[in-house]
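Note that chain A is present in both complexes that follow, paired respectively with chain B and with chain C.
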Partner chain A sequence: MASPASYALRRHQQQRRRPLQDDNWVRSDGRGFHQCRPAFLRTGAARAASGSAYAEFGSTKVIVSVFGPRESKKAMKYSGIGRLNCNVNFATFSTATRGQESDHKDFSSMLHKALEGAVLLESFPKTTVDVFALVLESGGSDLPAVISCASLALADAGIMMYDLVASASVSCIGNSLIIDPAAEEEDCQDGSLTVAFMPSRREITQLTLTGEWSTGRIHEATELCLDACSKLGEIMRTCLKQAVSSST
Partner chain B sequence: MRDLHLQQLRLNQTQRVRLQTALQKLQDVSPSSAAATVAVADNIPVNHEDGVLKGHGTSELDGQVVATLCGVVERVNKLVYVRTLRARYKPEIGDIIVGRVIEVATKHWRLEINFSQDAVLMLSSMNLPDGIQRRRTATDELNMRSIFEENDVICAEVRGFQHDGSLHLQARSLKYGKLKSGQLLTVPPYLIKRRKQHFHHLENYGVDLILGCNGFIWIGEHVETSNGVMEGDGGNKVEESNESSSHSVPLGEKGQRLMSLETRQHICQIANAVRVLSTLGFSLTTEGILEAAKASISLGINTKDMLGAEFHVQTAEREVGRRMSLLRKKG
Partner chain C sequence: MVGLSAGEKNFIRGGIEQDLRADGRQRQDFRPILIETGVIPQANGSARVRFGATDVIASVKAELGKPNPLQPGRGKVAIYVDCSPTAAPAFERGGGEELSTELSAALQKCLLGGKSGAGAGIDLSSLMVLEGKVCWDLYIDGLVVSSDGNLLDALAAAIKAALTNTGIPKVDVGVGASPDEQPEVNISDEEFLQFDTSAVPVIITLTKVGREYIVDATSDEESQMSSAVSVSVNSHGKVCGLIKRGGAGLDASVILDMVSAARHVSQKLIPLLDSEIDAAEAASLAGQGSDVDP
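What follows is the complex of A and B.
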C-alpha cells in the first residue's frame, strides 16, 4: 500500500470485500465453494526440454520445462545425491498490471520444497535437474498449479519419483472456505492453506498456512485440499498414461 | 510425443484417417505393450511366489512393486523394470556413440552425448595421428586441439564408468575419430537398437551412416581409408590421405575437398528418411532407412517433399504391410 501505483487497485478491493461478508455470496465464476476449476494438462509442451508440461486451471496458465539430469555447472564438491534446481518466473503479461514486479520471490524455494520429497535424488548423483516454471497467466492459485505442473514435467522427463505431487489451495474468506481461489478471491482472503500431496502414498510434501485460522477450520481445510489433490492426481495420471501409450 | 510431432505435419482429412488406421493396425499387429504402460506410482502386478527382481524404475511400497517412472513395464524372467520412452541415453560398455566436443581440457576432451553427464575421452585412450603406440608427452597434450576442436563431431566407443560415475570413452581404432562433411541428426535414443554393426556404408549412395547408440546419427560422405577400414582416425592423417588419393576432386578455399552435388543430395535424402522414421516413432535400422529412401526415389518424391504429410502416411502404410507379411511368414 506504500506505493502510489497500487493505491487505486486496493480501494477497489475494499469495495468488493463488502458483499463477501455475509455468508451467501456467489463466486465470480459461479462455482460452488468446494468446487475446483476444470484442469487441462498436457505433457511435451516444449520440445527442447527433456520434459515439459502445460497446465491450465481456469484462467491460470502455467508451462514448466525440465532440463537434465545434466552435469552441474557450478564447480562443486562430489555429492552422492543430485541437486534439484527450481525457478519460477512470471511472464510480463501474466498479471492485470503489465510488467509489474511480482511479489512471489519465494515461489522458487516453495516449489523446491514441494518437489524434493518426491524425487529420488540419489538416482542421479553429481548432476542437476533444472525445473523452470513460467506463469503465463496468473489467475489465482498459481503456486499449486506450478507444483502440479512441475511434477508432471518431471515425470515426462523420465526422472525417478516416488509419486506424482498434486497440489491445491484453500482460501478462508469470512466464514466460508473456498477451494482453488481465483485471483480476485485471493486478494481479499483472510487466510490461505496450500498443500502439496502425494496421492498414492498419502504423504504431504509441503503445507503452507498463512493468516488467521482456528484448529477446526485447519482440519476442515486440509481435508478439502487432500480430497482435491487426490482427484487432481487421477487426472495427472491419466494425462501421463495417454502420453505414454500414444508414443509406443 | 509422437502425437505432438505428427500434429505439426498439417495432414488433410483423408491423410489423417489413413495415418490413424495405419497406426491402429500397427498396434493390433504388435504384441500389445499398451496394456503394460505405467505412470509414476502405479502398482506393477507381480507374482510374489515366483520371486521378483526389482529393476530400474521400480521401488517397493507396502510389499507392492511400484513404478517410479513413466513408461512400459518390461519383464525378463524374474526381473521387472520400467523402460522409459522420453529419457536420456543410458550408456553401456561397448556402445558406439557419436558426440560433440564441448571442451578441450587437460589430457582429455569433454563430449556431449545426451547422457546425464558429459563423457570424457582421455588423450591416452585414443590412437595418435601418427599411429605409433607410445607414452603421451607434453607436446601431444599441447597439440590436442589439432586432433579435435570444440564443436567437432566425433565417433567413439564407451569404455566404462569411473568410480565416481563419470563416463569414459575410447577411440582406439581407425574407424573412430572425427566426422567431417556430413549431417548430424539427433533422435530419441530408444529408436536405436544395439546391433552388431553400427557403421554402415551405403554403397548405392556413396554415403556413410553411423547409428550412434545415444541417438546421434551421422550421415556423411563415404571415406575410403588406405587399409579399407571405413572411417579414418580423425586429425591430419585423413586429410593428407584424402588429398593425395583424390587428385581429380576440386579443392575448397582452405584446401579441403569439396563434396559433389550428388553426394550432398544423397546425404539429405538419407537424412530425411531418418527424420520421417523417427517422427513416426519407428525404430531405426539400415534396412528401414534404405527402404524409405528407395521408396522416395521410386515414387518420384523430391528430397524436400519427403518431410511432407503424404510421405509420412505412405511410410506408415508401408510399415504395416511389412509387419503383416512378417506375421504371415511366421504364421
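What follows is the complex of A and C.
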C-alpha cells in the first residue's frame, strides 16, 4: 500500500472502506438513510445580479447569480426563443485537494438541461440569460444543490418558469440507498442517481444514473428522489415568499 | 442544422405515429450496422462503426502510467470524443466542443460505472500492472466522421468493437527494485493480452417524438424530438447508466417505461453487435495476411 501523500488523501482513504464492512453502518453525520441534510436558502445573495440565491445543504455551499436578459452576442445565430447560458465553477478551495474541481466539466451542460425544460424561453426572444453558479464548498451532492439554487435565482430574477426545479440525488452503497450523499459517501458509492424535478407539474427535467442497476432499484431510487424534491420544492417556495414579504 | 418544411415535419411525425418511418423502418428498428475493426494501425485497437449515414471511429491507445494514489489497485481510462468539422460545418472552431463534452461525459457515465468501480463495463483492475506503481492508462478516443443522428449509440458500439480489437502488450516487471523507486518494466512486442468486453454495455437512445419514442433516430428525426433518454444496458439486462438529454420534462412513469423499452431493444441489439464485431475481427485478421500473425 502506498503511503498517502497528504493529509487530505489520508482522510479519504480511511472513510472509503468503512461503509462496506457491515450492513448496519451509520452515516458519518448520523442521518438516517432516507434523511436529507437541512437546507438553508436565501435569495438576493449578490447585489449586481438581476437575481441571485445562496444555498447551503450541510457543508455544500453554492451561490448562483442570474444576469439578463441581455442582447445575444452578434455572432450568435438569430433565435426566436431566448438562450440560457449556464456556467458552473468550483472555487479552488472548494475541495479537499486543490485542483480536483476539474472533474466536473459537464456540470454546466447538466445545469442547462435541467433548467431549459422549466424556463419559458419564448418569453425573452433574441436575448440571453446568464446563469453563473459557484460552488464555495463541495460537500457532496453538488450538482443537485446547484440546480435547486439556480432555479431559485431565476425566480428571484423574475425569469418566467413553468415551475421551480428542485433536485436531489441518491447513492447506492452495497445494498443500501442513501439520499443526499455527503462527499465521503459519494467517494465510495457503487452507483448514483440524480433527478431534477418540477414538483407542481410532476415532470422530470433531468435524470442521470451511473453504476449497475436493476429496474426495481431504479424505481425505488426515483421515488426516493421525487419525494425529496417535492419537499425541497416546498422549502424553496417558502423562501421566495419570505423574501417578497420582507421586502414590501 | 436541419432545415425542414412544415410538410416534411408532418411527414416525419405522422410516420412515427403510424410506426412506419421515412426510411421504411419501424419505431424500434436500427439502421443497418456496419463494423470494421483494426482500421487504425497506430492504435492498440480501433473500430469504425456506421449506422446508416452516421459514421464514427473509435481508437484505443494504451500507455503505461502511475495509478491514482486513491485507487492504487486500478488502471485509468479516459474517454474523449472529437467532432470533426468534416462532419458538419457547425463543428468548426470549437463549435462542436459542447457536443463533444456532452458525448464524452455520457460515455464516461455509461462505461465506467460508479465511483467505487462497481458495475463498470471496463474492468479497471485488469489494467493493473504493479499495485500502486504501474498501470495501464487507456485513452479511448471517438471521432465523429459523419453525423446523421444517434451519435452516442454509434460511439458506444464503436468503443465496444475497438476494445474487442485491443491487444495490450504483456509487461514483465523487473524484480528487486526498492519500494520507493519506480520499477523497471519490459514491454513485450509479441505477446498481447486480449480485453474482455463481454461486460461492456451498449447504449440505446430513445427519442421521443410526439407521444411515441423511436430508436436510432436520424438527424431529421432528432430535430423533431421533444426529449431523449439514453440508456446503457449490459448483457445481463442491468441498466449501467442513464442520461436524459435535453428538451421538455417527462413524467417519471414515462422514463421508467423508456428504460424497459431500452432493455427490450438491447436483447436484440447486443447479440447483433457481438456477431458483427466477431465477423469484423475475423475479417481484419484475414486481411492482415500471413506475415503478421498475432
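Basically, the second predicted complex is superposed on the first by the 225 of 248 C-alpha atoms of A that agree within 3 Å, B and C clash if a C-alpha of one lies under 4 Å from a C-alpha of the other, contacts with A are read in each partner's own complex, and residues count from 1 in each chain.
As a working rule, a contact is a pair of C-beta atoms (placed from the backbone, for glycine too) under 8 Å apart; a residue touches a chain by one contact, two chains touch by 3 or more.
Only a predicted model underlies this, so the values are computations on that prediction, with no experimental measurement involved.
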Side-by-side fit of chain B and chain C on chain A, or clash: fit
First (chain B), second (chain C), both or neither touched by A:R237: first
Touching partner for A:G32 - first (chain B), second (chain C), both, neither: neither
Partner chain(s) touched by A:G191 [first = chain B, second = chain C, both, neither]: second
Touched partner set for A:R201, first chain B, second chain C, both or neither: both
Which of chain B and chain C A:W213 touches, first, second, both or neither: second
Partner chain in contact with A:E116 - chain B first, chain C second, else both or neither: second
Minimum Cα separation, chain C to chain B, after superposition on A (Å): 15
Doubly contacted residues of chain A, that is, touched by chain B and again by chain C: 198, 201
List of chain B residues in touch with chain A within their complex: 1-4, 33-34, 37-42, 57, 59, 61, 66, 68-72, 84-88, 116-118, 164-166, 281
Contacting residues of chain C [partner chain A, same complex]: 69-70, 72, 98, 101-102, 104-105, 109-110, 112-116, 118-119, 132-133, 227, 229, 234, 238-252, 255-256, 259-260, 263
Residues of chain A that touch chain B when the two form their complex: 44, 47, 50-51, 68-71, 78, 120, 124-127, 155-164, 198-201, 236-237, 240-241, 243-248
Of all residues in chain A, those that touch chain C in their complex: 1-2, 4-5, 9, 12-13, 16, 105-106, 109, 113, 116-118, 172-173, 186-192, 198, 201-215, 218-219, 222-223, 226
